[in-house]
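To start, the structure itself, in C-alpha cells.
The letters A, B, C, D and E name the chains in turn, as written, and every chain counts its residues from 1.
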Amino acid sequence: TNTLDEIVQRGKIVVGISLSTPPYGMTDANLQPAGFDVAIANLIARDLGVELEILDQVSQARIPNLTSNKVDIVISSLGITAERAKAIMYTNAIYVDEQMIIAPTSAAIASLEDLVGKRVGVTRSTTNDTIITDKAIEGTNIQRFEDDAATNQALFSGQVDAIVSGVAAANAINKETDQFQRKFAVRQSPMGIGVRRGDFDLHQWLNTEIMLLWNSGEIQAAQQEWLGIVNEELPRF
Amino acid sequence: MFQQFSLNHVYFMLTGLGWTIGLAAIALIGGSIAGSVLTLMRVSANPVLSRIAQVYIFVVQGTPLLVTLFIAYFGSTYLGFTVAPLTAIAVAFSFYAAAFLGDIWRGAIQSVPVGQREGAHALGLSGADTMRHIIIPQAIRIATPPTVGFFVQLIKNTSLASVVGIVELTRTAQIVSNATFKPLEVYLTAALFYFLVCFPITLFSRRLEKRLSV
Amino acid sequence: MADIDDTVVEARKVCKFFGKFQALADVDLKVSKGETIVVCGPSGSGKSTLIRCINALEQHQSGDLVVCGIPLSGTRASIDAVRRRTGMVFQNFNLFPHMTVIENCMIAPMKVKGMSRDEARATAERFLKRVHIPEQADKYPIQLSGGQQQRVAIARALSMSPDVMLFDEPTSALDPEMVREVLDTMVELAQGGATMICVTHEMNFARQVADRVIFMDRGAIIEAGEPEAFFSAPRSERAREFLAQILH
Amino acid sequence: MNPLDFSGVFSRADRLVDGVWLTAQISLAAMVFALAIGVLAAVLSLSGNRLLRLPVFAYVEVIRNTPFIVQVFLIYFGLPALGLRLDPVSAAILAMSIYGGAYTSEIIRAGIQSINRGQIEAGRALGMSPLTIFRHVVLKPALASVFPSLVAQFILLLLSSSVVSAISVAELTSVGNDIQGLTLRNMEVYLIIALIYVALVAALKGGMTVLERLLFPFKFLRR
Amino acid sequence: MADIDDTVVEARKVCKFFGKFQALADVDLKVSKGETIVVCGPSGSGKSTLIRCINALEQHQSGDLVVCGIPLSGTRASIDAVRRRTGMVFQNFNLFPHMTVIENCMIAPMKVKGMSRDEARATAERFLKRVHIPEQADKYPIQLSGGQQQRVAIARALSMSPDVMLFDEPTSALDPEMVREVLDTMVELAQGGATMICVTHEMNFARQVADRVIFMDRGAIIEAGEPEAFFSAPRSERAREFLAQILH
C-alpha cells in the first residue's frame, strides 16, 4: 500500500499530534487545536489538497499510532536521534529547538558543572530529556516528569532546582514571572515529522513540501507565531 | 501564551466527563457480561475450564490495565487487523473487569452455604434451577458491595482510554493543565468531577451493605 | 421401575469411600412401605452418609442401592428420579432464606413437577396445615423459631409427595422446648403411614414409633432390632457403651 | 508494520532491574504503612464517637472517589506550599500509603466486624481490658479472616505504583517510559513490563501465602 | 470487700431492661460458698441475662447485686474486680481460635494478673490436667472435639482461680456422646467444692449435684428448691408445663 496515494484518494490526511504540549500542540481559547505542529499540519493538508484530521495522542501512543496505521504521519515535536530513527523515518527538520536551563533568578548556575548535586527536572522522552541525559555531568540528579506542566510545576514549587526546556517554553515562563530566568543553552536539536518505515513516496513528498514551505517563508511565519523565534537555517538530509 | 484557567476550560472538561461516563457504561456492561462467563467457568465442575479461568484471572489481574489496553489496540496490528478505539476499549476493559468480577462473584457464589445447594438437590431441582432460583439470588446480595466498589475503580480507570486517542476527563485535564500551567487547580477540578460521579455510588453501596447485614 | 413388592429402599453391600476413608462398609438394609426406621450411632459412624447415599446426594462406590424401585447407577436420570421420590429434612433446616415459607414449599413442585403456581400454592398450603403452621405462610424463615423452621422444612419435603422421608438429626439444632413440636409432627407423619428413615438420638421418639432401630458404627450396621429389645438389651458391646453415654 | 525488536529494551536491562527494585521497595513500604493506617482508621470508624467516625468516613470516601494521580500531585506539588517538601520517593510512599490505607481500612473493618461477639465477651469475662481484648483477641483473627482481601488490595497497590512515575520516581513503569522515549519501541517495552509486573504479582502472592501460613497456622488445621 | 460470711453472690430486687423489654424482674438470689445452683426455664426467660449480670457482662438497672463481696455499681473498678473473680463458660465455648489450648489458658493470667509466662504455663497445665486433657495443650481449638473444647473453656475459666464459676448451657451445642464428658468434669468440680451457677437443662446433672434448682420464667424466679422436690412435684403450673416439654 502506498500511503501517499491513499491519502489523496480518501481526500483526508490523519495527523497524530499531542494537544497537551504547548506551544507545539494545544487547544486555543475556543478549544480548537492550535500550535506550531497544528500549523504545519494545516499547511501540509492544504498543499496535498485534502482535508486534515487531527488525532490527539498521549506520548506513549505516538509511535504505535503510526506503526499500526492509525495515523498517516506524526507531527509531535519529535526530536531526531539515531536510535529513534531505527523505529521510524524522519523527514527533514521543521524546527531546531534550543535546550535551555531555566532556574530561579537568584541561583548561580552558569554551566553544566554548576548542576552537579542539583535536582534538574525534565519532561520524560522529550529531546530535552535525551540531551540532558547525554550531557549531564556525573552527580547531576535528573528527575523526569510525564508532561511539561508537571515539569514546570516542579520548578515553581521548588521540588527541583532547575529544568531543561525548549526556547518557547522558556519564553512563556519569562512572560509570566521574572523569578526564573534562562541560564544557558545546552544544545540545539532538530525536530522532524515521523513517517512509517518504507513510506518513501510520502517521505519524499514531505521533504519537498518542507523545502517549499521554507522557501515561501511559511515555516518561519509559523515559528514566529507559535515559538517566538525563527531558525536561521534548517538542517537537511 | 499561557491561558488563564477559565470557565471555558471547565466546559471542555465537562465534555471529557461525558466521555468518561460513556466509557464507564461500556466497561460496566462489557465487564459484567465477560465476568459472568468467567464466573461460570470458575465455578464449573469441569477442572480444565476452571483452571483456565484461574490462570486467566491471575495473569490479567497482574497486568497493568494500561498495558492490556495498549495490547488490545495496537497489538491487533501484529495479528493483521485493525480495531476502532471504542472496540479496543470495550475489549480491554471487559477482559480486565472480567478478571476481577469473576473472582468477586465466584467468592459470592461459594459463600452461599452448601446446605442451600443440598436442600435444592434433595428437592430434585436441576443444576440450572438451583443456580437460578437458589444460589444466584443469595449470591447477589453478598456480591453487591464489592462489585459496586470495583465499579468505582473501573470508572476512575477509564482515564487510561486517552492512550487510544479518546479525550476523556483526565485527558482534558492534561490538555488544560498544559495550556494553563496550573496543574493543581486543573486536577483538583477533575478530582471534583470524579468525586461527584463516584461518591453517590459508594454511598449507595454503603447503604446496601448496611441493609444486607441486618 | 417395577414396584411390585412393598420395598422402598434396598441396599446390598453398599460401600462408600471419601478418598481412602471408608464411610460405609457393606451396608445391607431393606425398608418397606410404611415402615419407620431410626438410625443411631456415634458421631462419624456414617449415619448421614447412609441417608445421603439413599437420596443420591452422595454417590456410593460399590454394592447395589435401589430406591423406590430405581437402581442408583450414577446416571443423571437415576439420580433425578430418586431425588424426586425422596424427601429430606436436614439438621440445619436449609430453608431458602430469600423465599417466604410458602415459596419454599412451592418452588420444587413448580420447577420439578411443572405444577402451575396456583396448584403449587394449594399443595403447599395443605402441607403447611399438616405441620400446623398455615398462618406463617408469608413470613420469611428468619422470622420463625427453630421449631417452626424445621416444620416448614418438613412441609417443603412433603410437598413433593415423596415415597420415603429422610431425616438427618432434625431436632439436634433446636432449643429443648422446640424439640417436642418437631417430634410430634414426625410422630403424626409416621402414624399417618409415611415411610421414614430418621437419624436421631431421641430415644423416646424411637420407642414411640420406630419399627426398627439400626445402630451403626464405623460405617457398618452393627445391630438392628425392635426398639424395646434394642434399648433394654443391646447385643453388641459398642451399642451398650453408646447407649450408656447418650442416656446420661 | 514494524517487526518486534527487543534489542533496545534488553540492552537496558540494568535500568529495568533498578526500576523493579524501586517498585518493590516503595510498594512494600506502602503496604506496611497502609496496613497501619488501615487498622487505625478501622478502629476509629467502629468507635461509638461520631467525632472520630466522621473524619475517617471523609478520608475513606475522598480517597476512594478521586483519582490516585491527583492525590500524588497534591502531596508532591501541593505540600510545599504548606512548607512540607518531600522528595519524590517519600512523596510516592506517602501517597500510596494514604491511598492504600483507605481501602485497607474498609477491609479490616469488615474483618473486625466478622469477629464473633462471643470472643469479645469471653475476653471480658476473663477480666481483660478493652485494649488487651483488641490486641490479643480481636486483631489477629480479624486480619486472618480478611487476609485474602488484603492480599488482593496489596496487589492493586503494587500496580498503582506505576502512577508515581508522574512525579519522577524512577520505578518500573517510569524506566519503561524512558526506554520507550529513547527507542520508540512502545509495544516491546510494554510486553516486557507486563511480564515483569505479572512476575512481581506472582512473587507477592507467593510471599503472602507463606506469610499466611506462618502467621495464621490455625487457618489451615483440620481435625 | 468484707467477705465475712460465706455469701458469694447476693441479688436483691435486681431488674434489667433491654430498652422497654424487662429481661429480669425483681430477682432475689443468694448463693453461698461451695453451693451448686442449676438455673432452668424456657427460652427467653432471662437465664443468660441473670448470669451475665452476675459477671458484669450486662449492667443491671435497679436493685443490688453483690458478687464476691463487691457491690456492682457500674463503675469500671467494680466491673473489673468482679470479672476477675468470676469464671464464665459459654454455650459455644468461645475459645480463641488463633491460640493453642495452653495459650488460651495463659493469656488472662498473664495480661490480667500479670503472671510471668512460666508461672502462667504451670497454672494452665495444672488446670488442663484437672479437666483431663493435658496432652492437648499444644493443639489449636479447631483440632479438638466439641467436648474437648468445652473442657478447655472450663480450664481457661479456672485458670483465673475464680470464686464462682458461671455456666451458660455448656452442653447444648455438643454432640450427644460428648455431653457426658463435660458433665463429668462439672460434677468433679462441684464435688471438689467449687461454687457454681449453671444454666442447663441436663436434669440428671441437676439431680446429681445441685444444691438448689431455680426455675425462671419471663425474667422472674418462679420457683427454687432441692432438685428432687422440684422435679417430682413442681409447685407452679409453668414449671410443670416446662418439665413436661423438655423431658419428652
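We adopt the following convention: contacts are C-beta pairs under 8 Å (C-beta built on N, C-alpha and C of every residue); 3 or more make two chains touch, one makes a residue touch a chain.
A quick map from chain label to UniProt name: B, D = Polar amino acid transport system permease protein.
It should be emphasised that the depicted structure is a prediction, and the values quoted were computed from it without experimental measurement.
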Intersection of the contact lists for chain A and chain B: D
Minimal step count in the chain contact network, chain B to chain D: 1
Turning angle required so that chain C lies on chain E, C-alpha fit (0 to 180°, nearest 5): 180
Inter-chain centre distance, chain B versus chain E - centres from mean C-alpha coordinates, in Å: 53
Centre distance in Å when chain C and chain E are each reduced to the mean of their C-alpha atoms: 36
Between chain A and chain E, centroid-to-centroid distance (C-alpha), Å: 82
Numbers and ranges of chain A residues touching at least 2 other chains: 60-61, 64, 67-69, 150, 153
Chain B, residues touching no fewer than two other chains: 70, 74, 77, 183-184
Junction residues of chain C - those touching two or more other chains: none
Pairs of chains satisfying the touch condition: A-B, A-D, B-C, B-D, C-E, D-E
Residue numbers on chain E that touch chain C, as the complex places them: 42-43, 172, 175-180, 183, 201-202, 204-205, 242, 245-246, 248
Complex contact set, residues of chain D against chain E: 116, 118-119, 121-122, 124-129, 132, 136-137, 140-141, 144, 216-218, 221-223
Sites on chain B touched by chain C in the complex: 113, 115-116, 118-126, 129, 133-134, 137-138, 141
Chain D partner contacts - residues on chain E that touch it in the complex: 55, 57, 80, 83-84, 86-88, 90, 92, 94-98, 107-108, 111-112, 140-145, 156-157, 160
Chain B partner contacts - residues on chain D that touch it in the complex: 1, 4, 61-62, 64-70, 73-74, 77-78, 152, 155-156, 159, 162, 173, 186-187, 190-191, 193-194, 197-198, 200-202
